[in-house]
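Pasting the structures here.
Paired with subunit B in one complex and with subunit C in the other, subunit A is shared by the two complexes that follow.
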Partner chain A sequence: MSTPTLPPGLSIQKVDERIMTLNVGPQHPGSGHMRIIVQIDGDYIVACDPDPGYVHRGEEKMAEYRNYVLNIPHLERPVIHDSCNILYPYVLGVEELLGLEITERAKYIRVIAAELNRCVYIMYWLAIYGIFLGHSTMFMWPTGDRELLIDLLEKMTGARVTHSYFIPGGIRNDLPANFEEVCLRQVNYFEKRIKEYADVFYDNPILISRTEKTGILTRENAIRLGTTGSVLRASGIDYDVRKKEPYDVYDELDFETCVLKSGDSYARSKIPWLDMFQSCRIIRDALQKMPKSGSIRIKLKPNPKGALGSVYKRVESGRGALGCYIVSDKKPEPYRLKLSVPSFRNLIALPHLLIGEKLGNMPSVYWSLNYWPVEADR
Partner chain B sequence: MSVIAPNFKLSEFIKSILDVGFWVLLLFVLIGLPAVFMILFFIEMPIINGELLTPFLALSWLADPTRTLPIIKAFMTTDLFRIAAFPGFGFAALIAASTIFAERKMMAKLQLRVGPFYCGKIEGILQLMADGLKLVSKEIIIPAKADKPIFWAAPVLFVATAAAFVALIPVTPGWVVADIDVGLIAVFAVIGFFPIITILSAWSANSKFPFIGGIRALYQMVSFEIPLILSLLGVVILTGTLNLSEIAASQSSFPWIVFLPIGAIVFFITMLAELERIPFDLPEAESEIVAGWLTELSGMLYGLVQFGSYLKLYAFAALFVVLFLGGWNGPMIVPPFPEEIITEGIEMGPITAQIPGLPIFTQEVLNGILMFVLKTVGVIFFIILPRGVFPRVRVDILLDLGWTKLIGLTFVNIFIALGLLYAGILGPGGLF
Partner chain C sequence: MSSDSEKEAIEKKPENSKPTGEKSTAKPTSDDKPATAKPTSDDKPATAKPTSDDKPATAKPTPAEKTPPAKKPPQEEPELPAFEKGIADKIVDKFADKTTVSFVKPDRVGIKVDRDKIHDVAEFARDVLNYDHVDSVAGVDYPADNEIEVVYHLSSYTDPTLGRQILELATRAQREDKPNPGNDATRLPSLRDIFYSVEFHEREVFEMLGVYFEGHPDNRRLLLPEDWADLPPLRKDFRNKGR
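Up next is the complex of A and B:
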């Protein structure tokens, strides 16, 4: 048999008979909007190639054609479950460019909305983590309990998920009457509910045997690969943007950073759950310290023009440090807008964690990276 | 929890039933009856007791219980009835279908949902029928490179094997399809077919995910078959027989679970693994290998496999009841058949009918059926329950459990049984 003539630049790769290539995604129940090309030898993964980009929508380019206020609704689309936190760095940056100083009450309300939204996101993430491990109760409970906080956010903002609540100059509208009381009650009940998840999920012996000592990310690798958020904190590094570079009023509030040392999938899945308790603590503290009345918003001129220059702001989102870089050239629209998203930074660790693992560990390791495909593609 | 639910109105429900009844009656009178009489016109009717059997005579005989009851009783002794209806397929299918509904409702309650709700007006009781109709009406898609004859045959073989398993289960004294002296060996033989069918179906689909699922099913079932067989050895040692009816009858004073709890626990765990239920549903692990060996099955082929797996679930639960929970034995709670109906007859208005052939089932048989069904439903409840509580285990943990821990426990169980036998407490020639 003669060798076929190939076009220049192509070569025939010899395939090992033992290796089977699996395309996990994008039409796979265990992938999300992305593809992981894994090669398995028996039950062991020998190569892994994450392939994101199926839901790229050009958010950054779109931002160059809209003015600073019109950018708000579409910029929260990458993570609709965490919409307040993905808007937070953009709004902080625009305020600096426009030279606005917002009121104390607006800052506290922003913190409350951001923490509620963080819990809403983590509950959704936890539900999918549960169903990835075959635990259908852990899919249903968080999706149900999430409604408590979604109802609160609906009372605050008028929308269930895409709130568009943060705007340059403050927040869009004030809290409804007796919100503090309702919020305190709902948050206390929510905290009681998530404590019960330990019994059914986190202390479950089968879960522990499945996820402990799998996909270990060491402290050095976590820093070297540039991971962030819960992945970084699960590897024993005490890093939280809310503590290190406090924005708005986080430096006045009482909370701790949750850190675990082991760096395996179990620790990575536990950190967001522990974070929710701290969020509840922050919300209670903020409700107490918040000024009970006052202005919440600075009126902007139509089509405000930013000062010449650039600004970079970071916040701690549900997945990790989320940055927004805005370049302004004295026009109503930003000259360039760049989102530095935690999902994409955490995805880089996936091939390092999966090689050498069993195929059965793939869903738990993959989703423990706190990765949101739509956000990574932007 | 806010649910947008249709308000149930009794009047509308009765009206819908009457509507359906009206149309059935109308169609029967206009189409059914003329068709029957046209057929009868061409058939020569037999002469019975000197009378020509006309349709009217046949109908009037049907209304006479003294003539119909002996026919029914004679029919009930036939093999066809046993295989198709009572201790066999029909009975098992009824329990399997109600298991599916009960499972969905129970999971819903556990997970703070409502479950099936709309079909059939009352708590979604007709949901199963709707699902079945949907599966039947769907197109069956077969992969282009599949081995078509085997791919078609595997789901049918799966149901057939599950039905063969059901045929070995004694429900109540004398009511068993195949009462054979090597019943337990036959059970092992039938269970041994499931991995073969699974791997045939998975391999013939010629697709990657079913293949991985089939391989997983194969080594899961093969590695759990050994503890399954060994865990039942204790019961065989103590009863000295392999006949399932005799094993059930030997537990008239106490069930074997009292003396062999370790064997019962091991059998229960291996049962979950053989049934591919959570926490051992690795062959169908959704997030890893799509739907495992069921990935390429579509339409009623998938429906048949699901139906077969629930038949298998019933058969395993019934086997657990027969071997460890005493089968049909239990307190007599069914009241005795009233004697005066046999001696004096039933008063039906002006006439008193003397009906020979009553009762159809004796008190013991009815009580046996009731006890058996109650125990089986209890075991099925415990089979379903882990699905709401546990995540899926991993392959290496599963094999470790099967090959080391469970086999070790079965030997402990066998030593307990041997100890009881040699101490003269139980078994042939024992105290009981």
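Up next is the complex of A and C:
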């Protein structure tokens, strides 16, 4: 049989008798909407080829047809649990293109919403991490506790998950009466709750024995592969966009970045949890420093046109640095919009971490990358 | 359309830089800025009128207009911050005729590079300027210019002075009207051997815009279905249904 001419993207591979190829996903509960093609030799992974794209929705193409305000609801779809943070760089970029300077109060409210959202995202991620490791308590607790913050965000924005709260020029609506008090109370209780996770999860010898010294990403590799966020900070590099390139009012707030040195799955799974304590700290500080009244939004003209040129803005999302590159040609719609998402950037590390690991460690290593398949696909 | 913005920037620069240059030199030497720089006393009014015969002739019509340009330079200066300008100058000095500066903003430097020099410029950025990874690779389609632009956003984890900085390298490939991705002239050298982090980004640009990266070890589809047979979807002539 002659080999047929293949369209670009397809290839024919020889089958080895010893090596078994295994498709994990895209329907497997352990992979999300993504396929990981692993080749195993006995119990050990010898090759790994991540195959994302099952939830590619063409957000970037869609953005070229909608004006700067209409783009907001669909741009938060890639990661609805972190919807404030994925809109953040877009909104900052559009504000630069439109030449808007937002009010102080709006900046503080944005930071509070972004930090609440970061915790909501991390709790969801942690719940799935728990279920990946067969730890049902760690699935139930975070899903329950994150309701606290979802309620807060619902009070702020009117929606439980897809908030569409940030808009160019400020935020959509002001805080409800009595919000500061409720927020402080809930956040304090939330912090007390997440402290208890140490007993049941992070100090649990079973978790430690399963995740420690697996999937080690060295400092050099973390830099070379361009990883970001919790993956990067677990490998000992102190890089947080909130500290390095503070946007809005992060430079006035009191917090630290969490860095661990070991670079294994355990460190990668611990960093987001440590981040939540810092988020609580930021929220408390912001509630204190926030101007108690004032305008929250600059009214936009209908169909505002961006200035000619391009802009690249980035923020620290729940997963890492999230960049947004907008090219404007003086039209109400962006000429080109590119989301540089942390999940996509961290995906490149997956083959490096998995090769040489046991197949049984795959779920914990994979999910410790703080990976959200829908976001990577856009 | 960054090409237009460049032209504007290039056109603006001489205008803006000249006044600053003149005025900054003028203030100490005090030749031709008597009208505005009154405080410095004696010789000004005296020397000004005789020496600047030709100057007032050109600038006479509006002494009122003369003051706004005098005010503008301080506004322009933060737009050309010294550190960022230093980065841009280093690259342009090294690759004089192959690169142009498209913008210098706070924390952002944009350089346009010829396609045959992009590899060298990236190597220079890594080895000399200490950029160590790529944040994002974006492809932009310009059907009017018959070109596709690929924009690399470089950043650095290891160099603390570059913590805020993003270096934007843009290069252009020829665009085919009837693309046959991988087999037409839409080609660029891959930066995978310099920045390992571009691996998946370049695969994405390949499928979304049909730019083939020469030297990339793994030019396969990433997000699109394996049997996608339409135009590369981020090209401008691919239209979404109903739009």
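To be clear about the criterion, the second predicted complex is superposed on the first by the 364 of 378 C-alpha atoms of A that agree within 3 Å, B and C clash if a C-alpha of one lies under 4 Å from a C-alpha of the other, contacts with A are read in each partner's own complex, and residues count from 1 in each chain.
Quick note on the criterion: a residue touches a chain if its C-beta (ideal position, glycine included) is under 8 Å from a C-beta of that chain, and two chains touch if they have at least 3 such contacts.
None of the values given here were measured: they were computed from a predicted structure.
Chemist: A:Met140 in the overlay: touching subunit B, subunit C, both, or neither? Say first, second, both or neither.
Modeler: A:Met140: touches subunit B, not subunit C.
Chemist: For A:Glu104, select first, second, both or neither according to whether it touches subunit B, subunit C, the two together, or no partner.
Modeler: Once the two structures are laid over each other on A, A:Glu104 reaches no partner at all.
Chemist: Would you sort A:Ser11 into first (subunit B), second (subunit C), both or neither based on which partner it touches?
Modeler: second
Chemist: Taking the superposition on A as described, I'd like to know which of subunit B and subunit C A:Leu22 touches: first, second, both or neither.
Modeler: In the superposition, A:Leu22 contacts subunit B only.
Chemist: Quick check on the superposed pair: does A:Leu232 touch subunit B, subunit C, both, or neither? Answer first, second, both or neither.
Modeler: second
Chemist: When the two structures are laid over each other on chain A, which of subunit B and subunit C touches more residues of subunit A?
Modeler: Counting residues of subunit A touched by each partner, the higher count goes to C.
Chemist: When the two structures are overlaid on chain A, which partner does A:Asp43 contact: first (subunit B), second (subunit C), both, or neither?
Modeler: A:Asp43 sits against subunit B, while subunit C stays out of touch.
Chemist: Do subunit B and subunit C land on any of the same subunit A residues, and which?
Modeler: none
Chemist: Over in the complex, which subunit B residues touch subunit A? Could you list them?
Modeler: 1, 107, 110-113, 208-209, 212, 278-279, 281-282, 285-290, 387-397
Chemist: Of all residues in subunit A, which touch subunit B in the complex?
Modeler: Within the complex, subunit A touches subunit B at residues 20, 22, 28-30, 43, 130-141, 144, 200-201, 204, 206-207, 209-210, 358-363.
Chemist: Applying the document's contact rule, which stretches of subunit C touch subunit A when the two form their complex?
Modeler: 1-2, 4-5, 8, 103, 107-108, 110, 132-136, 138, 140-141, 151, 153, 157-158, 163-164, 166, 168, 181-183, 195-201, 204, 207, 220-229, 233-234, 238, 240, 243
Chemist: In their shared complex, at which residues does subunit A touch subunit C?
Modeler: Of all residues in subunit A, those touching subunit C are 7-11, 51-53, 56, 58, 60-62, 65, 223-226, 232, 237, 239, 244-245, 308-310, 312, 314, 321, 323, 325, 327, 329, 335-336, 338, 340, 344-345, 347-348, 377-378.
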